[in-house]
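Several structures are given next for inspection.
After this come two complexes, each holding subunit A, first together with subunit B and then together with subunit C.
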Partner chain A sequence: MGFPHPIHPKETPVLSTHFGDEGARTFAGWVQRGGYQALKKALAMTPDAIIEEVKASGLRGRGGAGFPTGLKWSFMPKGDGKPHYLVCNADESEPGTFKDREIMRWTPHGLIEGCAIAAHAIGAETCYIYIRGEFTDPLRIVQAAVEDAYANGALGANVFGTGKRIEMVVHRGAGAYICGEETALMNSLEGKRGNPRIKPPFPAQAGLFAMPTTVNNVETLAAVPHILMRGAAWYAGLSLSNPKSTGTKLFSVCGHVMKPGNFEVTMGFPMKDLIHDLAGGMRPGRTLKAVIPGGSSVPIMNRDEAEAALCDYEGIIAQGSMLGSAGFIVMDDSADMVYQIYRLARFYAHESCAQCTQCREGTAWTTKILERMLKGQGKQADLELLLDLADQMTGKTICVLSDSCAAPVVSGIQKFRSEFDAYLSGARAPALAGA
Partner chain B sequence: MSGHAAPSASGHHEETHQPVFVGAPREKLEALFPKYPTKQALLLPALWIVQEERGWISPQAMAEVGEVLGLTPAYVKGVVTFYTMYHRHPVGRHVIQVCTTSPCHLCGAAETMEALLQGTGCGELGITSPDGRFTVIEVECLGACGFATPILIGDDFVESVTPERVSGILERYP
Partner chain C sequence: MTQELLAVTIDGRTVRVPKGTTIIEAAKQAGLIIPHYCYHPSLPSPAVCRMCLVEVEKAPKLLPACVTTVAEGQVVHVHSEAAAKARESVLEFLLINHPLDCPICDQAGECELQNYVFQEGRAGTRYADYAKRFNPVEDFGPDVLYVANRCILCTRCVRFMDDVAQTPVLNVSERGDRAYIGIMEDQLLDHPWSGNVVDLCPVGSLISKDFLHKARAWDLDKTASICPGCSQGCNITIDTRDDVVTRLRPRPNLDVNRHFICDHGRLDYRWMNRGDRVEAPLVRRDGATQATDWDTAIHRLVELTAASGPVVVLASGRASLESLGLVQRLLAHREVTAAVQLPQGDEAALGSIAGLALRSERAPNGAGARMTGYTAGWDTAVARAGAAALTVLLDVSLTDSEVASIQGSGAVVALATLDDPRLTFAALTLPVSTMVEENGTYLNRDHRAQRYLQAKPAPGMARPAWWVAADAWAAGGRDRTSLSSAAEALVSLGRDFPTLAGVTVAELGFSGRVLDGAAAGSAR
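== the complex of A and B ==
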């Protein structure tokens, strides 16, 4: 089950402190390591005080959007008399991203504690943890930890004797990338197809079961106990570049690097060091060609952009892409960019829920056009056609899956045009066989 | 998030449907009722129970789930077909899902998939091996990109699978 690397001196372990430590998985082990103190502290605080502390910490959503967490919590209505829900989004499916899996496998009680604190802060008595169906190990481990927490009074009708009720339910997905989109996830939890919903209403107004709901990512929730124990000022101070990006972040690095894995560094850490030092750099004789930093749904960065970027929300935007879920797909000079972009387009075509025409048709046609280029049957007009399609797919649909397919296509054509031209002119032999 | 298994030669209709939700499976489902405010929310968990019990979800089983939860068979089928992990046809004793999405593709997933198709005797994606032992399907991103190539055999998640490791891994699944 995975092999966490020894901590690199340039890492700042907070969430990853107990990765690889089997003993941290039980309730007793977690308590021994200082666990559940934050929940006890939170239960003695008012919801508003917790929200203010999280706002002051600068914590932003780690699932991809980067929305300020405390602000999101403050949108939940107060005194409305309705049941409120907290949903933990553990449907980690973004290509290149494998950080939440590590949190769930090694520190399930850290996640439960974060969920319980968040539930108290937003006035929810029930939290659903929606874990993707393929994550069999995290499902088993988190389920066991939830039962352990119930048995020890950390969950249930009277949490730690405070009279506060917090129920927690682990819900298994069944294979659908789109369920990582929060409104699709809520539909899935309700026993429906995972089609994203039109907003408004926003989840804080009418979310799960039409009740006020907050959806947070695993890594976001896992950071909350640390903020309560060590203080907002400590967390806000963890920032190497832009003060709007605070704390530590798990970066998943994969693809053509010598030491792929998860690395926890302070926001603003140089991407060059992350790739060439922490992740072990390129294979012998190879050079860096491209990085898709946000999971796959963001513009591709070329080598110069990647090596100049600082890893936080603003730093990656400054270099033409987005932080997203911070899963870096690294490609060296052996990568065929046309093929890689085709493979990503195929992913989005497979995962489109097919609700919106632009997405259903756009992802399929993008894939077909790239496929014919790779078969040596592309036409000169195809590049313009791809860009035109991408334009029709951007900003016009209920959710951003369609935009996510367009991002690597547009940036790929802009930055690696000669590779497309080589297929179109016949200078490069077809990569795919068939008529 | 995988490709679906194709119908096998053994046929994909149960002759007579033996109800799933009796005894222990029924108790398992009923224990979940208090955790959700609607019966409909039990749909995914109920379908998982069917698949654990029967290995796949037949049209008759979909109708039974509908009856238990107060949903129409057509509605249940609409949901089943949305999710790729529910098998709508009989599959081999061990279903192998291989990740071939971009990060794994960069690290040799295509070769690993080919070795699995040959090693299992399946030959093709979605086809069950003649001995009924394996079905191999492609899956989109298993979320373990740093440990290419991950595969899921039944509920066992295996990381860093290379063509060389395939025969040793398959031996563990008679």
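== the complex of A and C ==
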């Protein structure tokens, strides 16, 4: 990855090539490193040709859902006479995920270029970059880069003299996790409370300010210039396992590993190598116990599942979880799974937007049950209750925050039941004090 | 233009509804209320309470009936196991932080949480040993208290203020289970239509200070009526407890007031309970006033009205079409100057709903009075009364100088509700009922004829004014058939006033009808 440690031989640096290279942050430095060629090339192409190229590359959304990017762009209506918007989702708030942060910190112009190309492809003249409120450093850097790009004619009313208008607005969020959900993000951008919207209508029909809108993740957009420059075939060829998962992917690895950080590998890379080799493996004397691979909102994988998994969309589903945002939370045998799950539930309870009943009340209730268990006051019926609540919190609400709270609970009880039983039977001393 | 109809089957009942209809509305056509909290037909649907989740065949998950529109051939199950379980679960979630203070809650008995829990909730809670969320009661404005602990965050109140009143002073504050309804800093819930949030609240969270602890819902008798507060003619329900009016609430009429009434109309009901009423006919002879029976009184009225000379009639804008019309008939052989009293006030529109406002004309039947010939200017009529042979007062409220002017009249007949000591000079005072105590019809500003029904008995010997006029008409030998109900009175008016020809009570129903040839209006 290049920062904070040197590129590992097994990495395939594309997005992370210039991580750690401060010279890449300026417009001139980016141009010197081959930047903005892709945008110039794109401006000479028709929007349809760009969309076809991205479709052919197999690029899929890097924010979590993995929806094919070219297909998403093709949903934007054509010739409808309405303003179109591109929104770059830089509200990276998923626990354990910090890949977009590094893209913004080191290669802001790569992101701007990707945004400009995407805007051209979907017929948008305005792009909003919605940056998480706590990301003060990336915000400052992206803001400066946008100004730099304007000053050098890469943005504005007449991009590189082509007559094409692309405006870019950097918007700072206020620190709500839910604003990473695309419809909540749009409400937030509009100055409203960040509550997810009901779909339909989908953003491509009525999104930001009720106009056709495409929302893409930072990493997705940053990959686009590379696809245009090196060709869809090159990108599609970057696949070690399932041909439906192509390109390179930044994996944020954190937790109980010796070398936490971002690692860029080709899709289909073995999770075992990622954890035990690239991320430096477990601490001495410790063994791998569990991995939550998709940020925190996906089922927990046990050691066997994690070590068997291939890191792409299909490979992780095959092992019972989901790729999500590809933020790996790695836990060794010292981890108290009940406590870890409680900690996640508490996060979701805190971040629930409070719209849907199941989520508002369910996340808080789940947290209370787990908290009581950790205080040594749990009851045998609590496990059944947790599973029943999780069942009612799954697939019943407007967005998936509620499902995300339920997933670690259900998989945790399934895979680490003995730890719950130990608290319930008193075999394990209470982890939390208090009545 | 014919609308495309789609066939949808809900719990085995197939209905055909226009394209674009939501499942929850289609279910109503099928005779089925799908339990719901956040949905309200006069508000935008956020689909947040998740109470109306139903099973739709071929859909991968349960869908909210309030925002899912029907598709041709769709098969919906409201009472499937999955849907019933989801509802039971939502109710359990809503109850974990809801106090069980129903015994002291004004909403008890008309609470949608109570009703649905009774209908489909669990018998017990699994939320044992945890404290419930607590937030203090907040004073939101002149008539509204917010009992946060009872709130289920359906957001109907927020949407009413945002989207209907277009005065967004309420919000959802905080997140997660700490959320509550907040009010903007330094703001009050004092919009002229804000009282509707109390009706919209499905639980006892937003309550009316005026109604606080006055009655239990099950002790109230409800009567369909028309708001007498202005010329809009909002449909209301009068709630009485032991024949005392305790509150007025809106009664839905999509063409007039949708589901709303203004605070002026809502709170202006105390006059309906006044005790200082005329309870017996009073005849003045030889300088003394004596109570008498109706036969004597009617006989005297016939005498007074049969004489000749100009007559002035001063009528209340709250008098019914029937009363106004039959008084005119009784005096039709004389030269009549008739005026109606129409108090004025400030107009207050309800934001987004065109055609709905608290009107400046603060009487319900100004249009009816004009249609029945009460067209003279008030001041002119009062001035003329001083020189008239006879002045007939129909429940009017007079200033001292107006009383002085009328005193010059040859004779005064007062059909009165209130005992006015200044009117002892009246030759005849006849006790009549208020609109709460009789059946009748009003014509609103859009010429919509609407019925109101008797909500409580009239005091003493008081009768509807139309009855008095009709009896005198019959007793004068001019008609053999006397009228025995307001419905008959309305029909009989058809021969005097062409606009009313053919209008019957049955035809008007409970939502009324805009009379032909009159300007149509709509609150849609």
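Assume the second predicted complex is superposed on the first by the 432 of 435 C-alpha atoms of A that agree within 3 Å, B and C clash if a C-alpha of one lies under 4 Å from a C-alpha of the other, contacts with A are read in each partner's own complex, and residues count from 1 in each chain.
Basically, contacts are C-beta pairs under 8 Å (C-beta built on N, C-alpha and C of every residue); 3 or more make two chains touch, one makes a residue touch a chain.
These numbers were taken from a predicted model, which means no experiment stands behind them.
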{"item": "Which superposed partner A:Y423 touches (first subunit B, second subunit C, both, neither)", "value": "neither"}
{"item": "Partner chain in contact with A:K368 - subunit B first, subunit C second, else both or neither", "value": "second"}
{"item": "Most subunit A residues touched (candidates subunit B, subunit C)", "value": "B"}
{"item": "First, second, both or neither for A:F27, with subunit B first and subunit C second", "value": "neither"}
{"item": "First, second, both or neither for A:I329, with subunit B first and subunit C second", "value": "first"}
{"item": "Partner chain in contact with A:V169 - subunit B first, subunit C second, else both or neither", "value": "first"}
{"item": "A:E92 touches, of subunit B and subunit C: first, second, both or neither?", "value": "first"}
{"item": "A:F19 touches, of subunit B and subunit C: first, second, both or neither?", "value": "neither"}
{"item": "Touched partner set for A:T357, first subunit B, second subunit C, both or neither", "value": "second"}
{"item": "Subunit B versus subunit C as contact partner of A:L344, first or second or both or neither", "value": "first"}
{"item": "Footprint overlap on subunit A, comparing subunit B with subunit C", "value": "176, 193, 350-351, 353"}
{"item": "Residues of subunit A that touch subunit B when the two form their complex", "value": "1-3, 83, 92-98, 100-101, 132-137, 167, 169, 171-177, 188-194, 209, 252-256, 260-262, 296, 327, 329, 331, 335, 340, 343-344, 347, 350-351, 353"}
{"item": "Residues of subunit C that touch subunit A when the two form their complex", "value": "46-51, 53, 60-62, 64, 67, 85-86, 89-90, 93-94, 96-97, 126-127, 129-130, 152-153, 171-172, 174-179"}
{"item": "Residues of subunit B defined as touching subunit A within the complex", "value": "1-2, 35-38, 40-45, 47-48, 69, 71, 78-79, 82-86, 97, 101-103, 105-107, 139-148, 152, 155-157, 159"}
{"item": "Residue numbers on subunit A that touch subunit C, as the complex places them", "value": "176, 178, 193, 198, 349-358, 360-365, 368, 372, 381, 385, 392, 395-398"}
